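Have a look at these structures, which come just after this line.
In the two assemblies presented below, chain A is common to both, partnered first by chain B and then by chain C.
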Partner chain A sequence: MFRQAFRGWDGGIFKFRITRPDRTVDARYASIDDCVFHEQMLFTQPYWLGFVPCPFAGVVSKDLLDQTATVSIPNAGVSDPEYVMFPRNVSGRNCFPRPASVGSGNSQDGYVSEAWAIRMVSITATSLTLRFTKPALSLQSPLGCSVVLMKRG
Partner chain B sequence: MTISAAFWDWVGDRWRGRWVLPGYNARDTNVPRNKVVLDTDDIGTLSKLANGQATLSYGGSLDTGAVTIGTWPDPGFVPLCTFHFSIAGGEWDNVYTMQNTGSASGNYYIKVSRTGIVASLKLINSTSPVTIAWTAFRLPVM
Partner chain C sequence: MATLEARISNAGIEIAKPGFDVRTASLANMAFSPNLVAMRVALEGTITAVPHSEGAPYTAYYKATKVFPTPFPDPPYALVAGIGSDGTSYQAPFVINTAGGGFLEVTPHFELNTYADRIDLYVMQWSAGGVLLPTTWKYWIFQNTLY
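Our next item is the complex of A and B:
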């Protein structure tokens, strides 16, 4: 008879597992994919939800703008955290994966539209650098970027 | 009735663990979901299934054709995936913009199945490979 649930010390690991009802493996030795719950699932939970302000937020010029912003992140002991970027537009709205808008204007004065981009430059255990670019003649800038970090496991 | 903050027990035909906030009863099926700390019947965790990177380079045509960029053992569902794109080793973007280089072909996609990811893209030019960093999560989308 195999166990459908197991919790306790086993070989130096504290196991906390419940197997899927359709599996016939012993919970003590079950892989993560045989489980509805497995202690390793907790490892990759999001550990930071932060906001990186755009260095030129609020700027409405028609110039090309290209700047980076670096923020500190909590050190979770991983050198390459998993990250998800949610760009926040001029209205404060999440516009994942990127903005797309049309606006009135002309080639002399520019257009009231969002054509900017946010890219991830580098990430370490303790810092995150994003690059914000706005093309010439686009008159709107993002507020910044919300970022979720997870350990990869 | 005795209030249990948590239980770890047989429920019907299967094992279940449930843990609720103070003031609520773990045995009460009507506890609001935002008062449940952990329920193995409703995990609510976002754990990583697999992740990797693949680079699509010029091979005589700007159209890459269908390329398998990741595989994993079938978890029984199509998992949620996230992607980041880097052109020629540059910064990482949420999207990959394919410029129109005159090709008549327009059948470009990234498809996720229960066991992997297949991509078919157009490169910006012959000297700009695209690297796709992907992560699959244990969250069924299909």
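Our next item is the complex of A and C:
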């Protein structure tokens, strides 16, 4: 007789598992692929969904702008999370991977378009730093970037 | 008092890291905390990008929209992947920049826009750098919001 569900401490590890109906493996020893639920699914918990404002949001300039922005995040005991970035463009849309943009202008005064880039710089246990770069002659700046941080489990 | 390393209470599911007590552990010493966010897949399926009549910057793109049955408070966390005819999954966001003729064009292979009530997906309709993009895309909408 095997168990289809197991919850409790086993060998120093908290296990919380429900196996798939078509599997005959004991829940206590089941891999995540054998489960409809497995405690490791909890351990990859997303722990921050937030917004990082661009330091030069709203600026219209033909100059190169290149700045970093740092925000505080809750200390969830994680220093190397998984992350996903959703840039937010000049008109407030979350655009992944980035907005398409076509703008008129010339090589002297610049173009009314969005050619910026956003990079992840660093994530510590308590802070997150992004780098926003707007190239010269592309006039528009992003508003910022939505970020999802997730534990690795 | 014995160490209580996990419990299910009216606060939710609480699991401390081994050796810590859920009643006293700091957030950093919790394996799972109901004080942090959680996500589930709220919607998933496929959408097909088709021709549309919108102007720049989307004239070179096909478009697909998925309207949510119930709007979220804010734009949800959404992912997409193009499904090739051979079953492969396509996510590479290559970008083509061109300047001249009075215009600067910045054209990613695809653009996913998330709103509280829908997603709009634009897919480049011509062979992008030698890659012919699929028009069938899988989407995942998670039950939590950006911001």
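In this section, the second predicted complex is superposed on the first by the 148 of 153 C-alpha atoms of A that agree within 3 Å, B and C clash if a C-alpha of one lies under 4 Å from a C-alpha of the other, contacts with A are read in each partner's own complex, and residues count from 1 in each chain.
In the analysis below, a contact is a pair of C-beta atoms (placed from the backbone, for glycine too) under 8 Å apart; a residue touches a chain by one contact, two chains touch by 3 or more.
In this text the structure is predicted, and so the values were computed from the model without any measurement.
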item: Which superposed partner A:36 touches (first chain B, second chain C, both, neither); value: first
item: Contacts of A:49 with chain B and chain C, given as first, second, both or neither; value: second
item: First, second, both or neither for A:4, with chain B first and chain C second; value: first
item: First, second, both or neither for A:144, with chain B first and chain C second; value: neither
item: Which of chain B and chain C A:93 touches, first, second, both or neither; value: second
item: Chain B versus chain C as contact partner of A:114, first or second or both or neither; value: second
item: First (chain B), second (chain C), both or neither touched by A:81; value: neither
item: A:125 touches, of chain B and chain C: first, second, both or neither?; value: second
item: Of chain C and chain B, partner touching more chain A residues; value: C
item: Contact residues common to both interfaces of chain A (with chain B and with chain C); value: 42-43, 45-46, 84, 96-98
item: Residue numbers on chain A that touch chain B, as the complex places them; value: 4-5, 7, 18-19, 21, 27, 32-33, 36-38, 40-46, 82, 84-85, 87, 96-98, 117-121, 131, 150, 152-153
item: Chain A - residues contacting chain C, complex; value: 9, 12-14, 16, 39, 42-43, 45-51, 74-77, 84, 86, 93-107, 111, 113-115, 125, 137-138, 146, 148
item: Parts of chain C lying in touch with chain A, wherever the complex brings them together; value: 5-6, 13, 15, 17-18, 26-33, 36-39, 56-58, 61, 75, 77-80, 93, 95, 97, 99, 102-108, 110-115, 122, 144-147
item: Residues on chain B engaged by chain A in the complex (per definition of touch); value: 8, 13-17, 38, 40-41, 43, 45-49, 51, 73, 75, 82, 84, 90-95, 135, 138
